[in-house]
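Shared chain: subunit A. Partners: subunit B in the first complex, subunit C in the second.
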Partner chain A sequence: MTWFTRRLRRLAPQLAALAIILGIISLIAPGFLTISVQNGRLYGSLIDILVRAAPVALLTVGMTLVIATRGIDLSIGAVIAICGAVAATLITDGYPLPVVIAVSLGVGIVCGLWNGILVAVLDIQPIIATLILMVAGRGIAQLITEGVILTFNDDTFAALGSGALAGIPIPIYLWVGTALIIGLLMRRTALGFLIEATGINRRAASLAGVRARFLLFSAYAISGLCAAIAGMIVTADIRGADANNAGLWLELDAILAVVVGGTSLNGGRFSITASLIGALIIQSINTGILVSGFPPEFNLIIKAGIIIVVLTLQSPAIITLFGFIKASRRSDKLNHGTKEATR
Partner chain B sequence: MSAPHALLEARGIGKSFFGISALEDVDFTLEQGEIHALLGENGAGKSTLIKILTGVYRRDRGTIYLEGNEVSPDDVAAAQALGIGTVYQEVNLLENLTVAENLFLGRQPRRFGMIDRHTMRDRSKALLARYGLDIDVDALLSSYSVAIRQIIAIARAVDLSGKVLVLDEPTASLDANEVKGLFTVLRQLREEGVGIVIITHFLDQVYEIANRVTVLRNGRLVGSRAISELPRLDLISMMLGRELQHITRDHQAEPETIDDRGAPSIQFQNYGKKGSVAPFDLDIRPGEVVGIAGLLGSGRSETAFLLFGIDRADSGTATIDGEQVNITSPEAAIVNRFGFCPEERKTDGIVGDLSVADNIVLALQARRGWMRPISSSAKRELADSFIKSLDIRPADRERPIKFLSGGNQQKAILARWLVTEPRLLILDEPTRGIDIGAHAEILKMIERLCSEGMSLIVISSELEELTAVAHRVIVLSDRRHVAELSGRQLTTDGIIRAIAGTGETEAA
Partner chain C sequence: MKKALVAATAAAIFATLASGVSAKSLTVGFSQIGSESGWRAAETTVTKQEAEKRGVTLKFADAQQKQENQIKAIRGFIAQGVDAILIAPVVATGWDAVLKEAKEEKIPVILLDREIESPKDLYLTAVTSDQVFEGKVAGEWLAKDVGSKDCKVVELQGTTGSSPAINRKKGFEEGIKAASNIKIVRSQTGDFTRTKGKEVMESFIKAEGGGKDICAVYAHNDDMAVGAIQAIKEAGLKPGTDIKIVSIDAVPDIFQAMAKGEANATVELTPNMAGPAFDALEAYLKDKKEPKKWIQTESKLYTQKDDPMKVYEAKKGLGY
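Let's turn to the complex of A and B:
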């Protein structure tokens, strides 16, 4: 039970923020919270949020690990484009679905390992190292699609983006499943612990025998893998690979989700669950603005405004301020009490 | 100008950080036209004293007089305005500005509100000419060597302040010729009446240039003497503690029993690395405590780095139980059941945000690999048993280790290695910055560990500590193993003589 309460306390700010945002949207847009079943499939804005959140949520899982090692991965938006292009090309060439999926995932992992080499072996700063693939990646994707938007017509692959299983859309299975597997991998093995130690103090961890390089490699490889899954969902959803726009700026949403989730950019203690709630907050804002009927040109401004509020509430300055108010109230009570006593 | 007052005088200076005393009741007097060396081992309080005199830290106690008037510099700018200038180890100038801009930063000559580059250039030229430096003052600072940057920094500090010049390790990255050039400048400033405080760990240089030395040790004043009446041997014993005297130890009667422990289990032969430590031989028997002594910069920590695989040896072999092993990384050392408690606890030891329990199991978990996690119940048990046996306080395994005191952090790092049951544990300054109680406990524990058959290498600048715990002491000087003392030779006196021995032959 103490474990549960500790978890709840850790996640409380993110859960509260999500609840408040959903509450506000439901006030503005009636019917926002209703979920209906049509043709054996769940429909509704909430379901839509869970489906649309899939790419960012997947990126967020990998990004959380990379940030925990005190790094950052700017390349994952471009990796979405690369893996999407690879998948679309293989589909149009008539390869069977398992091959398409395996090769796309493999390409994602290779992209991650490339970043791993730059960061762990060559000791390049992560922001620069991953910037290389961020820029080059879209070029690579364009070469693969030969500069066109490569469309295909394969219903089984398209189901990854728009299909449903037992009434629940498949993208939800994909991101929840990936997050569960990686979350368990981190906490049931010692990977999570060792990644945290490396992120907090790489030198001290290395001197204690922690293989920091291997851990950096695995974090970036997992990040690439998550981007590959996201790339297939995005490609399957629109039945085509758009090298220029697939996953564009999504890495920034993922970084934001991790920050909203409360994992420090200085590395160290991380929570995949909190980051995922952060991703849901971002997607709720996106969907909420859409269903609220605001003119779309306000979208980005409103999103930025809400995120400033969320981050301000989490900022150390505000937390100290609240602590100060609490403490001064307590001392007021105390003073009051002593006055009573002296009377 | 020969006033009855000293140029700079500090009385009864005290300072503590988070309840741990860094300086206690220290006096310091600097005369006009004097080069005054401030000496001491790491953690002796040299930097703290300098930072108090130059306004970086606020003192807790004591008074400072400048030319007889009480002063209280609140920050660096105030100290500069009073006449106290500092040049730090990493030269505190801006590389991306020109030499002239660096010299006049924040006080550029102006004309009609614009920076008057002509005047600035001419004045810079004139200023540097005093130091025999004729360089292009419009070139970027980064285009000049460290030695020239240092003289530029000195020129700026003297021009700004002019009474007292403080130099922190000015020769650390200079070659012999550059040091000579720097000393010429310093002598000239001395002639002009500037009082110079210099921190250095090169004793030859102290004897070459200083008039007077003040020695600090563990935050206290050991003494202040004129260099002309202070033999090198006395200076070293001031720095390392203890007047020359024979101390009888319990170990003295037992050298035979040590040899009885049989053949060495760990042997390093001709082990060394260019530019770090000259090749040495080292044999370690089970249950033996080998001490390593030497002054700061003599290669003490570098020896530990070699043995633990942090630095790669470029010569020699390592043998364990008769089998040759390659120790090319800390991981390799740990596989061979070595452990290492580093000197820099904060940067190299603790993982601050993790709990005490996590810090204790870190090395064991690293050795098991990520696929074999230590269960949380096993972790709890290990942590609790070591928190109890080492008396780590507060006894809360979930508390982030950064909130513990230095002594308790050190005990947790020791526990980290003890859970791995090492055959050889290397302790680099295990009692540095630790309160007296924890100090004694750690020494007691060292004795207990070796009685259980673990071998220990203890590096320390506390000679009493070494003579008390070590069966043998290896003495380093100038990055060489120069002597090995055991049995009756093993006294603080003997160690000091061994350190000084080479120093004097080199000076001669």
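Let's turn to the complex of A and C:
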């Protein structure tokens, strides 16, 4: 039970923010919270949020680990484009689905390992190291698709993006499943703990016997793998690989989701669950703006405004202030109490 | 005897050389922005085709979206002494100096697809489409198609603040002004992409009573329309019949959708800007006839009646 309350306390700010945002949207757009069953699948704006959040949520899982090692991965948006292009090319060439999925995932991991080499072996700063693939990646994707939007008509692959299983859209299974597997791997083994140690002080961790280099490699590889899954979802969703636009700026949304989730960019303590709630907050804002009917000129301003409020409430300064107020109240009470007693 | 042979050959060679000069095949430099979109790739392909058709030697320079590369390319063309220069300018400002250099060398410059903010005497003419007119053609088609029935339209705008988004919106509103039965009920940006087009359409459908109240979608480009078509299908409605689809650009994929009856109309942004440009150039070089400062390309309307599969086959190879 104490474990549960401790978890809840850690996630409280994010959950509160999500609830408030959903509440406000449902006031502006009535019917926002209704979920019905249509054509044998769940249907409604809340389901849309869960489906549309899939790419960012997947990226967020990988990004959380990378940020926990005190790194950052700017390349994942481009990796989405690369893996999407690879998947679309293989599908149009008529390869069977398992091959397509395996190769795309493999390409994602290779992209992650490339970042890993630059960061862990050559000791290049992560922001620069991953910037290389961020810039070059779209070019690579363009080369693969030969500069066009590569479309395909394969219903089984398209199901990854728009299909449903037992009434629930498949992208939801994919991101929740990936997050569960990676989350359990981190927390049911010592991996998560070791990654945190590496992020806080790599040298100290190494001296204590942690294989920091291997951990860095795996963090970036997982990030690439998550981006590959996201890339397949994005590509399957529109039945085409758009090298220019697939995953564009999603790396920034993923970083934002991690930060909204309360994981520090300085590395160390991380929470995948909190980051995922962060991703849901971002997608709720996006979907909320779309159903609210505001003119598009306001989209970014509304989004920025909400994010500022959420981040301010979590900022160390505000938390210290709250702590101070609480403490002073308690000491007031305490003083009062002692006075009463002495009287 | 030998001497005579040599003289004869020399004369023959001279003659062929001279005739080559007198036929005067034009050499034209073309500074393209880069390969930012499928449409631009098609524009490059068509420009090369048009040049080949007319026997024009085309020198092609890809600027990779950078003005400095374009200016470098133009200076290069001037140094090579080309007969004319075509530019698809990446931005609107900063061209005065290099255009003056071309003018001093008496090399006519023609702008393709976009206009610039320079004195009008620095270039021969500009060949562009009229984006407001494109929107108007789409709007007028819809007004004619729905007749007097009430029609709620949802609009998928281009990137917020971009000139095609502003102009195509304005034109469409002009086109449906006379028809008071047509109303735009929702308008959001889909960033000109399929993914966003689909996502925005999904929420429009939910916000408008499951999509049954929506009569038509107007998308500022075909890609967003393709995304919207998928969203409509997944909501269990029939695009093209339950909800009409009208968009702009006429890229090959929309013709496939039209052939299946899933899209209704598209207004072409022709990739053939070079054809009218070469026409104007030839007239100018031959009779010194100054063309108008702005040549408007045709904004042709395609509907399901125009044999979409045939148009698709014709456009497929252009590199869209």
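In this section, the second predicted complex is superposed on the first by the 327 of 343 C-alpha atoms of A that agree within 3 Å, B and C clash if a C-alpha of one lies under 4 Å from a C-alpha of the other, contacts with A are read in each partner's own complex, and residues count from 1 in each chain.
Following the convention adopted for this analysis, a residue touches a chain if its C-beta (ideal position, glycine included) is under 8 Å from a C-beta of that chain, and two chains touch if they have at least 3 such contacts.
Given the structure is predicted, the values throughout are model-derived calculations rather than measurements.
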Side-by-side fit of subunit B and subunit C on subunit A, or clash: fit
Subunit A-centred angle between subunit C and subunit B, computed on Cα centres after superposition, in steps of 10 °: 120
Partner chain in contact with A:Q38 - subunit B first, subunit C second, else both or neither: second
Contacts of A:A208 with subunit B and subunit C, given as first, second, both or neither: first
First (subunit B), second (subunit C), both or neither touched by A:R188: first
First (subunit B), second (subunit C), both or neither touched by A:T287: second
In the superposition, subunit B vs subunit C on subunit A residues touched: C
Subunit B and subunit C, minimum CA distance [Å, superposed model]: 30
Touching both subunit C and subunit B, counted on subunit A across the two superposed complexes: none
Complex interface listing, subunit C residues touching subunit A: 35-38, 41, 157, 160-161, 186-189, 191, 193-195, 198-200, 202-204, 206-207, 210, 223, 226-227, 230, 234-236, 253, 319-320
Subunit A contact footprint on subunit B (complex, rising order): 308, 310, 330-331, 333-334, 340, 342, 347-354, 358, 362-363, 365-374, 416
Footprint of subunit C on subunit A - complex, ascending: 29, 31, 38-39, 43-45, 48, 52, 142, 147-149, 151, 162, 234, 237-240, 242, 244-246, 287, 290-291, 293, 295-297, 299
In the complex, subunit A residues that touch subunit B: 188-191, 193-194, 196-197, 200-201, 203-211, 215, 268-269
